[in-house]
Each structure stands twice: as C-alpha cells, then as structure tokens.
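In what follows, structures are represented as structure tokens.
One chain, chain A, links the two complexes that follow: it is found with chain B in the first and with chain C in the second.
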Partner chain A sequence: MTLHTVNKSPYLSQCLADCLDRVSAGDSIVLIEDGVYGINCATSETLSALNKAIAQLMTLGVQFCALRPDIEARGLQTTSANCPFNLLSDGDFVDLVCEADKVLSWY
Partner chain B sequence: MKFTIVILGPPYTDQAAETAFRFAQAVLEKKHHIYRLFFYHDGVHNASSLLSLPQDEIQPSQRWRQLIDQYQLEAVVCIASALRRGVLNETEAKRFAKPGNNLMPGFELSGLGDLIDAAQHSDRLITFGPSS
Partner chain C sequence: MNDALPPSNQTQHSSDQDKPNTPITPNTRRILLVCRTAPYGNALARESLETALAAGAIGAKVAMLFLDEGVWQLAQHQKPQGIGRKNHSAMLGALPLYDIDTVLVDRDSLSKRCIDLAELGDFTQLIDSLQVKEVIADHDVILSF
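And then the complex of A and B:
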C-alpha cells in the first residue's frame, strides 16, 4: 500500500486531482496543511468532479484521511455525515506511514 | 522503525517545516527512530542561526536544534542548496571569504549522497514539500 500526502487546496491546485488520477486500489490518501480544504469535496458543487472520483475510489478500497490539527487550525466543519475522510492525529499519521510500504508526497 | 524526513520548505513561507517538525515529534514519541533529517531546497533556511524573532514566538531553528540535541539526531543540510541561500558553516565562510557563518550547531552541511544513503537505510522516507 502506498500512502499519498496532498498539501495544497483543491480550489487552488491540481494536486489532489493529480493524486486521485494515479492512486491504486488499497492505497491511502492523507490531506495535510492546505490540502485539508479537500474535505469539502463531499459537499461542494465546485469540487463535484473530485467528489465523484473519491466515491469511485472508495469502492476500490482507497482510504481517505485528513490531519485533524490542520482541519482545526482552519476552523473547518467536519460534522457532515457524508464526509468520507477519517481524521488523524499526528500520531495516527505516523502509524499509517508505518503501515504503508512507501510514501508519495504531492505538492 | 527508522524514518528519514526530508524538509523542503523554509520557516514562515509555508507550513512544510512546521508539519515536518510535528511529524518528527510524533515519530519520536512513538519510540521510532529518525535515521536522518534532510533539509533541502528552501528547507535549508531552517538551519540558520541568524533567525531573530520576538521572544514570545516559536523559534524555528532553535526548536529543531533542541530536538536534534535531545534525541542525538543527524540533521543534514544540502550543501549546494545552502551555499546558494547564504547558509554557511565556518569552513565554507572562509572558503568563500564571507564575513560570517550562520549554520546552527547540531546541523551539518553535506551532499545529496546522504539523501541516497538515507533512502537506502531507512524503513520509511517522507518528504514535506513547499506550498509553492
């Protein structure tokens, strides 16, 4: 399993879209820094193309996560029931990196 | 598990160095090892001892130094990136006839070979890229 990190907002950058184009079944994606704005994918019409890609990748067993400290620092709402992202502490992030074979950073 | 952490972002411009620091702390708290910290591109600015901040603010290079000292970490600063950006140790300052040096104690200047070596000898290598 490869772990992908994405550190840029999907509103400003192709990072997340490029990442989604290239993940394999069973991989994990962690949104970090401004990348956490990507958690809006589930609800934002602007990001509906990403939303569809994420829904499809979830059926292939791709795991979607976001760093909780970065979400809280930006005051983002994470209460949505259809938010597909698991929230990670920094320690959880380390555990996930250990589970992965390698890390690919999208920036 | 042995980690190598590559830091490509400078302090302040973006969050990369801050995330890398938090990640390094979490790695050490989980009792893993850090094989090497590698500061590359604009990340070399984290190794400048001349950063001068108000006392009540986070001191980026001091904070790295404390972590390096506490856990006896190896912190390598890419020499080619550093020289271009004015981060010099005593030897390089003399070699280029510069009026002073500013590499924070605890950090060392070395080449990209150390990054290749780290990739070979670490279980995990993670890169924290800049935002621009």
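And then the complex of A and C:
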C-alpha cells in the first residue's frame, strides 16, 4: 500500500488532482498542512472535477484521511456528513506511515 | 579488476550474489525518483538529478519518473546561459553514462503541455497512466522532487 500525502490547497494547486490520477486500489491519501483546505473538496462545486474522482476511488477501497491538528489550526470543519475524509491525530498518522510500504509526497 | 581475482574467489563471489530471496539492503532496494517540477524555477530538478547520480554511483537501482510539470525538464533547445545556469536537459542526457537506464515519462503530462514526443531523448521511455500506477506500486522507496 502506498501512502500519498498532499500538502497544498486544491484551490491553489493541482497537487491533489495529480495525486488522484495516480492512486491505485487500496492506497491511502492524507491531506496535511495546507492540503487540509481541501477537506470539503468532495462536495465543493468549484472543485467538481475532484468530486467524481474521489467517489470513484472510494469504490476501489482508497482511504481518504486528513490531519486533525492541521484542520483545527486553520479553523476548518467538515461541511457535509458525507465527507469522505477520516480525521487523524498525529499518532494515527504515524501508525499509517508505518503501515504503508512507502510514502509518496505530492507538493 | 575482477580479472585479477583468482578463479575460485570469483566463483564464490558470484554465487553469493545470485542467491534467490536476497534480503532488501540499501543496494538492492529499488528506488523511484518522481520528478514533478520544472527546471530553473527552483533547485528541485537539479537535486533530483544529483540524487540519481549519487545513488547510481553507489550501485543502487534507480529509476526516474517524469510527471506533470517535471516533463518540462525534458524540453529540447534549453539555452539557460542567459540566466547563469547549466543546461538541465544536457545533464539528463548523461544519465545512461551513470547506469541509470530507466527514465520513464508520462505521455499524458507531455500531451497536456503540447510537448512534441519527437523532442525526447532516446534514453527515455514513454508510459501511459496505467503504467504510472504500476511503476509507483512496483518500487520499494519513492523520493519526490
């Protein structure tokens, strides 16, 4: 399993879209740092291209996560009950990194 | 150098190396350098190349994958003398000399940027989006630049 980290806002950068294009079934994606500005991307009209990709990857067992301390630091919250991103503590993030075969950073 | 070794030593040496199920060591680990930034704007493209050459020099198995903005590194006719930099594409051309023979380029990233396939050096291999996923899954370590 490859763990993909994304640390740029999807409103600024192509990083998340580029990552979604290269994710395989069973991989995990974690939004970190400014990447957490994408926490509501699955329901954002501005980012509609990402909605479809995320929905499709979820059917392939791709796990979507975001780092809670980074979300809280920026005053963000999920706006939909169907938000696909699981919130991780720093400790959860470390566990996920250890579980992964390798990490690929999108920045 | 090997010619100087007694034949018995040589045989012993090669049979050790050919053992199946060799544990993954720093030298057998397959390393993928994912290059996603254009040259000259920052130091990342240059650093990926230095990493590749250093890893190649110690005998590590290195592959490079050019994705997204990274494909600009492969554009021909770069003339960076006017900005006081070395020619990046010319340095990439030296990769085969350092035994880095796997230089992969994402076809979609090229076509999105209207980069002519004919411009690519013959040391590169074009791959499609499905193969990109396979290459990522297939390596032990990934470094992204």
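Following the convention adopted for this analysis, the second predicted complex is superposed on the first by the 106 of 107 C-alpha atoms of A that agree within 3 Å, B and C clash if a C-alpha of one lies under 4 Å from a C-alpha of the other, contacts with A are read in each partner's own complex, and residues count from 1 in each chain.
Here, a residue touches a chain if its C-beta (ideal position, glycine included) is under 8 Å from a C-beta of that chain, and two chains touch if they have at least 3 such contacts.
Predicted, not measured: the structure shown is a model, and the values here were computed from it.
Q: Using the superposition on chain A described above, determine whether A:F93 touches chain B (first), chain C (second), both, or neither.
A: A:F93 sits against chain B, while chain C stays out of touch.
Q: With both structures placed on chain A, which of the two partners, chain B or chain C, ends up touching more residues of chain A?
A: So, of the two partners, B touches more residues of chain A.
Q: Based on the superposed arrangement, let me know which partner A:R22 touches: chain B (first), chain C (second), both, or neither?
A: It touches chain C, and chain B stays clear.
Q: Looking at the overlay, does A:V103 come into contact with chain B only (first), chain C only (second), both, or neither?
A: both
Q: Applying the touch criterion given at the start, work out whether A:E33 contacts chain B, chain C, both or neither, answering first, second, both or neither.
A: first
Q: For A:Q14, decide between first (touching chain B), second (touching chain C), both and neither.
A: A:Q14: touches chain C, not chain B.
Q: Please work out whether A:T2 is in contact with chain B alone, chain C alone, both, or neither, and reply first, second, both or neither.
A: The answer is second: A:T2 touches chain C but not chain B.
Q: With the two structures laid over each other on chain A, which partner does A:P69 touch: chain B (first), chain C (second), both, or neither?
A: First partner only, chain B.
Q: Could you tell me which stretches of chain A are touched by chain B in one complex and by chain C in the other?
A: 102-103, 105-107
Q: Write out the stretch or stretches of chain A touching chain B in their complex.
A: Within the complex, chain A contacts chain B at residues 5, 7-8, 32-34, 67, 69-70, 89-91, 93-95, 97-98, 100, 102-103, 105-107.
Q: Quick one: in the complex, what on chain A touches chain C?
A: These residues of chain A touch chain C: 2, 14, 18, 21-24, 101-107.
Q: Over in the complex, which chain B residues touch chain A? Could you list them?
A: 1, 3, 8, 14-16, 19, 22-23, 25-27, 29-30, 32, 124-131
Q: Write out the stretch or stretches of chain C touching chain A in their complex.
A: Chain C residues touching chain A: 34, 36, 67-68, 129, 132-133, 136-137, 139-142, 144.
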